[in-house]
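There are structures below to look over.
You will see subunit A twice below: alongside subunit B first, and alongside subunit C after that.
Presenting the complex of A and B:
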């Protein structure tokens, strides 16, 4: 196994299990739809709330997708193969996250123009929203994958992952919605994007090592 | 100075006999200080010129909030120690500390809300400090949930350590939220570099209750660690001997 063959295999596995990816996308859309129906469907409420709604739905969809990242691998034994492969485990985890990010985030981004229109998000905020998603979502994956690795051996892990990881997502959500609010008010928002990028880079530095520790502990257990 | 006693504390047996000697004195000292601080503060300290008597909740709120953060810091350090040196006592410490810290964070939130009602006119605001302490409470609950869900002890140890270390990122956010961000919450009461801005008869009881609560919690955690040690080492011969000789 080499790094490139691993990445290729990851994409292939994700492609063969397209339904899981599709489920995450559907889950995302349904959560977004809940808000206009459940809270208030007037443009006066939705326009300022749109970024927050989309970000909350994204966070939940990403966690749903991440919960199963290592589960299948653990069940069929390929997780152990990763540990004993002689390749750097943190690097393999980074590659895995890159594959997951592309497969989960790209469909979300493609639906974004449609959902932004449905939530009456003004065009001034739209590109800020896309920017926050592009720059901020890697941190969601890097942080969330720690939770996925910790709960690999637990049968009903999804709820626990939410409980463990959601507190760490709050800063990302705060800065993202602040960026879109600033853009809607016509203010510069590049500072918020820089903060999001900083969080993504920080989690890139810390998370693969923490995840590797958790994976090794789960495999040995 | 002979430091040999220090590394011996890494062994459950030594730690058990050491903590057995220390838990009660520390706990009693803590209770004494706490009672002095609370009675002095709640009954005898002068009233605040702005807030009147409602400021007296400071003698509960500040020590508890300090403990809520210190407990997490200690857990995070124990997590690092476990991940780096695999010390056997660190996961026991994390397990003993988590519920205590969670209670401290909860009391800090509740006492803060009670203080907020007369001074700010509201129980709760979504401001940086309050929200970050709420997140701290949720982190504690997450660690407790993780430990209770994973049956495998070795995995639960690792998992709790990893989560404690990752959660350390929240502490600077809490600590500096009142200094850096605009918030309704007032600035820090105690700093190491400056003299407190209140008269001695107001901050002395606070100092007493802070020290008292630290010792109180230390004693409590030592006891919790003892029972956890007995539970984990129940197969070893010294535990059998200990239990048959001294009872539980």
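Presenting the complex of A and C:
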């Protein structure tokens, strides 16, 4: 096995699991669409709340997609093969997250202009929102994958992943929505983006090692 | 494949779920050896293979590969070892050929076709593994034995789910590997008198 053959197989598996990815995307769209219908559809309410709505929906969609990250690999024994492959397990995990991020986040980003328009998000806020999603969402994946690895041998682990991981997502949601609000008010928001980038980089450094420990423990369980 | 390799296990102690599986186990394997691990169900045969390949950590003991102590870091051994466990590590959503390319990316197409012909999988090359039977899935995993150049093979019940022809093919391949200077450690309840050069008995 090589890193490139691993990455290629990851993309192929994700492509054939498109139902899961589609479910996450559908869930994201439904949450965003239902919000104005259920709460308030006036532009005065939706424009300031848009970033928060989109980020909360993104977090839930990502959690939904991440819960099954290692489950299939654990069932068929390929997770064990990764552990004993002689390749760096943290690096394999980084590659797995990159593949997941691309497959889950790209469709979400593609739907964003339409949803932002629907929520009356002004263009200044829209570009800030895209910026926060680009620099902040990797941290969602790097943090969330730890929960996925910890609960890999638990059949109904989705709720546990949510309880374990959600508190760590709060700073990302707070800084992202603050960045969009600052942009909407015409204030500089690069500081918030820098904070989000720092969170993503910090999780990139820490998460693969923690996930590798959790994966090894799950394989041994 | 290494021209000469050896594996030395000294005073190994494996504990699983607060139960001693083997204590003070010592044996060595050299190029050309086929070692069968014997023992009752739950004696720790699979755990021993996992400890050797580094999926599990022993409580105590020393593991040396080709003279180098690999007890704390098994990466040198792992790069030269092929492990097939109870769960064979075959991705259900990938086809037979994709699974093999995942594990052996550098294999050329002719060699891949030859191996698949030998294993009677050539007609299923592009079939997703989830559509194959248990025996065929195991053959997909065992195809690695035909295509990989690794010296040390660690096989956990490799004959399980195989039909008579599959067993014969695998026995033949193991013999070829041993003759070429490889090392094989396997667990099996199969009678392997002609195949195994040595047995290691795990006592409860």
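Here is the rule we go by: the second predicted complex is superposed on the first by the 221 of 221 C-alpha atoms of A that agree within 3 Å, B and C clash if a C-alpha of one lies under 4 Å from a C-alpha of the other, contacts with A are read in each partner's own complex, and residues count from 1 in each chain.
By definition in this document, a contact is a pair of C-beta atoms (placed from the backbone, for glycine too) under 8 Å apart; a residue touches a chain by one contact, two chains touch by 3 or more.
Predicted, not measured: the structure shown is a model, and the values here were computed from it.
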Partner chain(s) touched by A:150 [first = subunit B, second = subunit C, both, neither]: first
Which of subunit B and subunit C A:116 touches, first, second, both or neither: neither
First (subunit B), second (subunit C), both or neither touched by A:206: first
First, second, both or neither for A:170, with subunit B first and subunit C second: first
Touching partner for A:63 - first (subunit B), second (subunit C), both, neither: neither
Subunit B versus subunit C as contact partner of A:93, first or second or both or neither: neither
First, second, both or neither for A:50, with subunit B first and subunit C second: neither
Touched partner set for A:195, first subunit B, second subunit C, both or neither: neither
Touched partner set for A:75, first subunit B, second subunit C, both or neither: second
Residues on subunit A lying within both footprints (that of subunit B and that of subunit C): 220
Contact footprint of subunit A on subunit C as seen in their complex: 50, 53-56, 74-75, 78-79, 81, 83, 85-94, 98, 101-106, 128
Subunit B partner contacts - residues on subunit A that touch it in the complex: 143, 146, 150-151, 153-154, 160, 163-164, 166-168, 170-171, 206, 210, 213-214, 217-218, 220-221
Of all residues in subunit B, those that touch subunit A in their complex: 83, 131, 135, 138-139, 141-142, 145-146, 149-150, 152, 154-155, 158-159, 162-163, 165-167, 169-170, 173
Interfacial residue positions of subunit A with respect to subunit C in the complex: 1-2, 4-6, 8-9, 12-13, 16-17, 72-73, 75-78, 80-81, 83-86, 216, 219-220
